[in-house]
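Okay, so subunit A shows up in both of these, paired with subunit B first and subunit C after.
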Partner chain A sequence: MSAIELATKTGSPFNDLNAYNQSLKTGYRLLPFKFIRLDDKRMVLTNEVGEFLVIEQDYLRAIVNKSIEAGSQLYNNLKSKHFLIDDDSSIALELLAMKSRTKMQQISNFTGLHIFVVSLRCDHSCPYCQVSRQSEDKLAFDMSNDTAIKCLEFTFRSPSPSIKIEFQGGEPLLNFDLIKFIVIEAEKKNEVHNKDLEFVIATNLALLTDEILSFCLEHRIYLSTSLDGPEDLHVANRPRPGADSYQRVIQGINRARAILGPDKVSALMTTTAASLTRAKNIVDEYLLQGFNSIFLRPLSPYGFAVKTKWYQSYDIQNWLKFYFEGLDYIINLNKQGYFFVEQYAAIILNKMFSPQGTGYVDLQSPAGLGISAILFNYNAEVYASDEARMLAEMGDKTFCLGNINQHTYEQIMLSEALLNPIEQSIVESVPGCNDCGFQPYCGSDPIYHHATQKDSIGHKALSGFCKKNMAIMRRLICLMEDDPQAKQILLNWAKP
Partner chain B sequence: MSQTEDSGVRTSDDGSLLVLFDLRIYKISAIKKAAYKFASDCSVLLKQLSVDQLEAHLSFSDNTDACAKKIIARAFCNEVIDQDLREQIAQETEATRNLILAQAFSKTSLLTQE
Partner chain C sequence: MMKLSTRQITPVSEFDKQISIARITENAELPAPVRSKHILLVKTGNGNHLAEGFKAYFFIGSNELIVNKSKYPKNVFVLSDDQAYLGEGDVVRFAPDKPALTTLYRKQSQHNSLLVTERCNNFCLMCSQPPKEIDDSYIVNDLMEAIPLMDRGTAEIGITGGEPTLLGDNLILLLRNLKNYLPSTVVHVLSNGRRFSNMSFTEKIAKLEHQDLMIGIPIYSDISNIHDYVVQADGAFDETIQGIINLKRFQQKVEIRVVLHKQTYDRLPQLAEFLARNLLFVDHVALMGLEMMGFTRHNLDDLWIDPVEYQPQLLKAVEILSRYRMNVSVYNHQLCLLDKRLWLYNRKSISDWKNEYMTECTPCTKKTECGGFFSSAHLKYSSHIVPFLEEN
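Take a look at the complex of A and B:
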């Protein structure tokens, strides 16, 4: 009945209050949801689209047994977050379907990030290098122009409206002529394809010149660098001749900011055993250098990091202790008025609160291998991700999808080497993940599990990836439940 | 010979713990899922004693003390209950879940207005 008809009939445009409480008579039905213990007393309920609710654990069975009183606060919370449906909420299924579709939208966009390894040569000799760089003088480790052209043709086959080309190494600036060639050729191609085209160079900045900066300015190229912390830590982690890696990266950051603009330079850190006791120092270094975020990252099980045993020098529990010390410190900084973000937490918070999915390859279902990001190695081989080529440099080519000189787009994108791990990374069907309460926020990392367990699916009870993500998700939800000020800060980070 | 302990959990001579489940209450699939999830804490051997009874034999690494074993065994029992409830919820909501996903990927509405 319309409001006008209602007003004509009853003299009021509003229904009687009882009309909104049909559920008092007819009860409720459960909508699909999962749950997991938050701590000794509380449970987290999550639904298909990532909405969550924390309840006292005693209420869980009551919810399932349909004995929650209609109109109670818990009932209304469960209803508004789509954990139950009653006769007053017929729109719920359509809303859930719409939200599910929005969350998965990124899959239909297909590959956005295209990584070009223009050279495996490097001027640094980092013991934790995960890509197994080669020394500077080996020209055999540079990508050729012919290969680059074929990679670009492949890139523009992607249906994605946004294409990001990221140059990696080694140290990509050692083959800057090829970067220039690729950027100019890509821009020419884009005159036809008209994509949202973006370039990033992942560089240690040690070889930055005015010529390079001028080219970056002209072509709106972003720079992503590595900064591991204060000078002594950075130099120890990232040695180079002259022991000046810190000095060079700081100079590079400042020069790049001055010419390209402050938003054009970002930095990443990697945690080594020497970092574990220095979370606050590392965050302070980022503050000192004018960054407003940090990505606290553990070492990955690839390349020299494994060979030199740096990867094995700490376990995930040690890293989590470091991470939480850093996170707590960052939240306290925010409480004091500094806006500063921990990026991994922000990615997870985005998954919790944003209608869109994340572009972060490791926290997608299916994993973003090939379908979100793809990598062209210097030698024309195509890999499902950056980690896949790291593994290949260790002699394991499980995730090599083909060769750009020998295989077509269709052959590469439909190869078993890509389709199998994608299928195995759908967390909705992975043992240990399929019924996990944190599933809507998580993903599967087939390459990590292949590297650590020789099994792309992996046993999640033995998985460092699972331990890390479960612990961080628990901590974030606890913070939001127990500390209203922290909740407000974390909500501010959850912006797509 | 084994010694009876609290809450239906017994300790055997070799230090492993034995937990008895009533299959009229718990599903075997729920017990199996809990055993899978606890693989990093203990290895679990399941033995069906009768139509109604299943025994879970929890073995631990040598450096696990008695107190830690008890905590793990209790958590294992809680996990069985959780898994049982998860199965119940999944079963009850399966049709709705399929409908939501079908609607999400359909170009026409599969949901009636009523």
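Take a look at the complex of A and C:
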């Protein structure tokens, strides 16, 4: 007898939905999650692997009191995202473990970004300079070939399958011979190591020559430059003799694009007090120059920016107002059908939606200090990050890990100066972060907190880092909840 | 619909009773030593001079070709007209005394599927091939004999059931046979995936090192008890998910198959997000229209929803999966019902032998791009079928 014949003879052989729903009888248990207020009506729930759910605040109590009705839509959403578990299924634990591993995996790659400060000299005299550049003629601020070779040996000790070498300054093109030397030596070494090797020069492009461009072309070198906005703003922020910093950077961008291709040239902006009212102007400048993204960045509390009081000239609330004005404008551009990305939002969205971790060192737990990025200063000192050497130029060498001429790889990577701040940057255990609802998307920046509060952990209620990130995360989630069109746009930025 | 098995077989001479697995040939000049593995299909010419030594002789349809029965060798049969699709290189199972003929393999088809058992440990509401609690282990032995007869150039073979993994080690033997005899053939196994929750079984599959094996596994909901309800088996969800994880742990290719119906369409976007978040590493996701066969007919009220009604959910799901760069396809759908944004993902997926178009479709200009219907769709199909007409 076929099953269907049997079925018609004995009544339905099929059980109904409730027959498979154990939680009707035995309820549910909570899995670890955090929550934070989104606005005056809603809460965001997040779990360790970064999944989130927005709920009306009244439901939070019901969830915790285990009175959510089995089989309801909220119940199923909580179950699907692994906020709760019931007797029907235990596979959630296996899946959560797998997702945690995936998210953490990149930590095991170890140091990828290696920054070489080939010279601290610069042709610009920006009042907001965060690295405390030196004037052009002091050769004492150039890195030597001998130091460079030792730094390269250190670089290739990293187990990371991909190595990015970034040339920083000052203005690195002032010591272009050393850049050439390092690139060629690194490529030689890589014949043995066979890493995915990439070079970037962070330059103001003012000193760009055909010779430099043809070398960049031959060695597939990326250029990263600074463009602060329209000409008057850029020139005011970034003075140089002749007041031609804007003309030179625009010319440089166009020449580099023509020879290396548009994808090899990127630009970053820095916000000054004069920028605050001009978010749209700044974005428009990026549109005019043919960029499809912008990275809206505040000033950091280091170097001349502190000395000249430019850093202190606005607080994070002013900056956030500027940022959101820019973000809204950019979202509107997208709504009008023009694809344009705000990169900081994209980084955070990626953290919200990607199963993998992102490589952005400031939003990692533990922080990327040394273990994602490391910096070799012109004077052979090794630092935990770019900001760490900025602090050192101000006389505070807390995050100096050693000297390439005096210390071994092991001594540097196992130095207390590195291990302490790394330990203090694990947000899962940092007071103020450990129970924050935005924790899975955030990080902790020990150097920032050391610089602003003289404490690597810092009091999070007073932290500008915290204010900035929490405000942006709140805004992004609100936008996705309340504006379906903005949601589509933001999801397209995430590129998980 | 093509009839892949028939009992309308008339013997016209004396015959041997044993069951045989044989290859069909139209070549009467085949060298004598290999004739015993072949059945000669006589489509034209003078049936009076049948070459000796073939396992059997098939005439199709009328007896026109048959002139003088007395001159015939043993094992001559006449098949009904609906077997006219048979041709050179096909492989059949022939039981003369029942009589019963089953086509196991068609050389000209891109949709060859081997049914390896009718037993199953799920009892899906919409099963198109309702399971039977019978000992059908003979099927594997037949297939082990049939595989060496199949064409070495075969592009793809499907393995289906019932639940193929219930064969246990016999499935391993069968897959090894396919790997050895058809070394350039893609093999696609339809399984509920539960057996792969057993690590050592999965390891055995992996150790075959098959050149191109994909396991297609259904997940019907992101919610365990809804999936368990659809497949009518408590605990199936956990075993299936664990099975997928295990297969990927051994780097086996996995396809997730979601049948769309009234019990599954509502949470389709949530399911897509669940897949992207938890099983991003699978190789393909197929979102499939319902086939009106087997249990579906019995559970029609609980299952049927016009595809027009679930377009918003389907579109959302596809958008989520493709945003996560998962490889996603829409199967078994008619183009005129699909949101235009989904056309890119639409595949012609219905096997040739059961793929049809309705009378409404006669003037349609897009039939070559359209998935068409299962033959079984005559029972129930969307009232929104509209032919695309030539634009003037």
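The rule is short, and it goes like this: the second predicted complex is superposed on the first by the 476 of 496 C-alpha atoms of A that agree within 3 Å, B and C clash if a C-alpha of one lies under 4 Å from a C-alpha of the other, contacts with A are read in each partner's own complex, and residues count from 1 in each chain.
Definition applied: contacts are C-beta pairs under 8 Å (C-beta built on N, C-alpha and C of every residue); 3 or more make two chains touch, one makes a residue touch a chain.
Model, not experiment: these values are computed from the prediction.
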According to the stated criteria, A:N76 is in contact with first (subunit B), second (subunit C), both, or neither; which is it?
second
First (subunit B), second (subunit C), both or neither: which does A:E51 touch?
second
Look at A:L288 in the shared chain and tell me whether it touches subunit B only, subunit C only, both, or neither; answer first, second, both or neither.
neither
Based on the superposed arrangement, let me know which partner A:E94 touches: subunit B (first), subunit C (second), both, or neither?
both
In the overlaid three-chain picture, which partner chain does A:L60 touch, first (subunit B) or second (subunit C), both, or neither?
first
After the superposition on A, what does A:A140 contact: first (subunit B), second (subunit C), both or neither?
neither
For A:P13, using the defined touch cut-off, is the partner it touches subunit B, subunit C, both, or neither? Pick first, second, both or neither.
second
Which positions of subunit A sit in both the subunit B and the subunit C interface?
90, 94, 98
Which bits of subunit A are touching subunit C when the two form their complex?
2-4, 7, 13-17, 19-23, 49, 51, 71, 76-77, 79-81, 88-91, 94-95, 98-99, 355, 491-492, 494, 496
Inside the complex, what are the residues of subunit B that reach subunit A?
33, 36-40, 78, 82-83, 85-86, 88-90, 92-94, 96-97, 99-101, 103-105, 109, 111, 114
Considering only the defined contacts, which subunit A positions touch subunit B in the complex?
29-35, 37, 48, 60-61, 64, 85, 90, 93-94, 96-98, 100-101, 104, 431-432, 435, 459-462
Give every residue of subunit C touching subunit A within the complex, in rising order.
123, 125, 130-132, 222-226, 228-229, 232, 234, 237-238, 241-242, 245, 267, 270, 273-274, 276-278, 280, 294-295, 297-299, 323-325
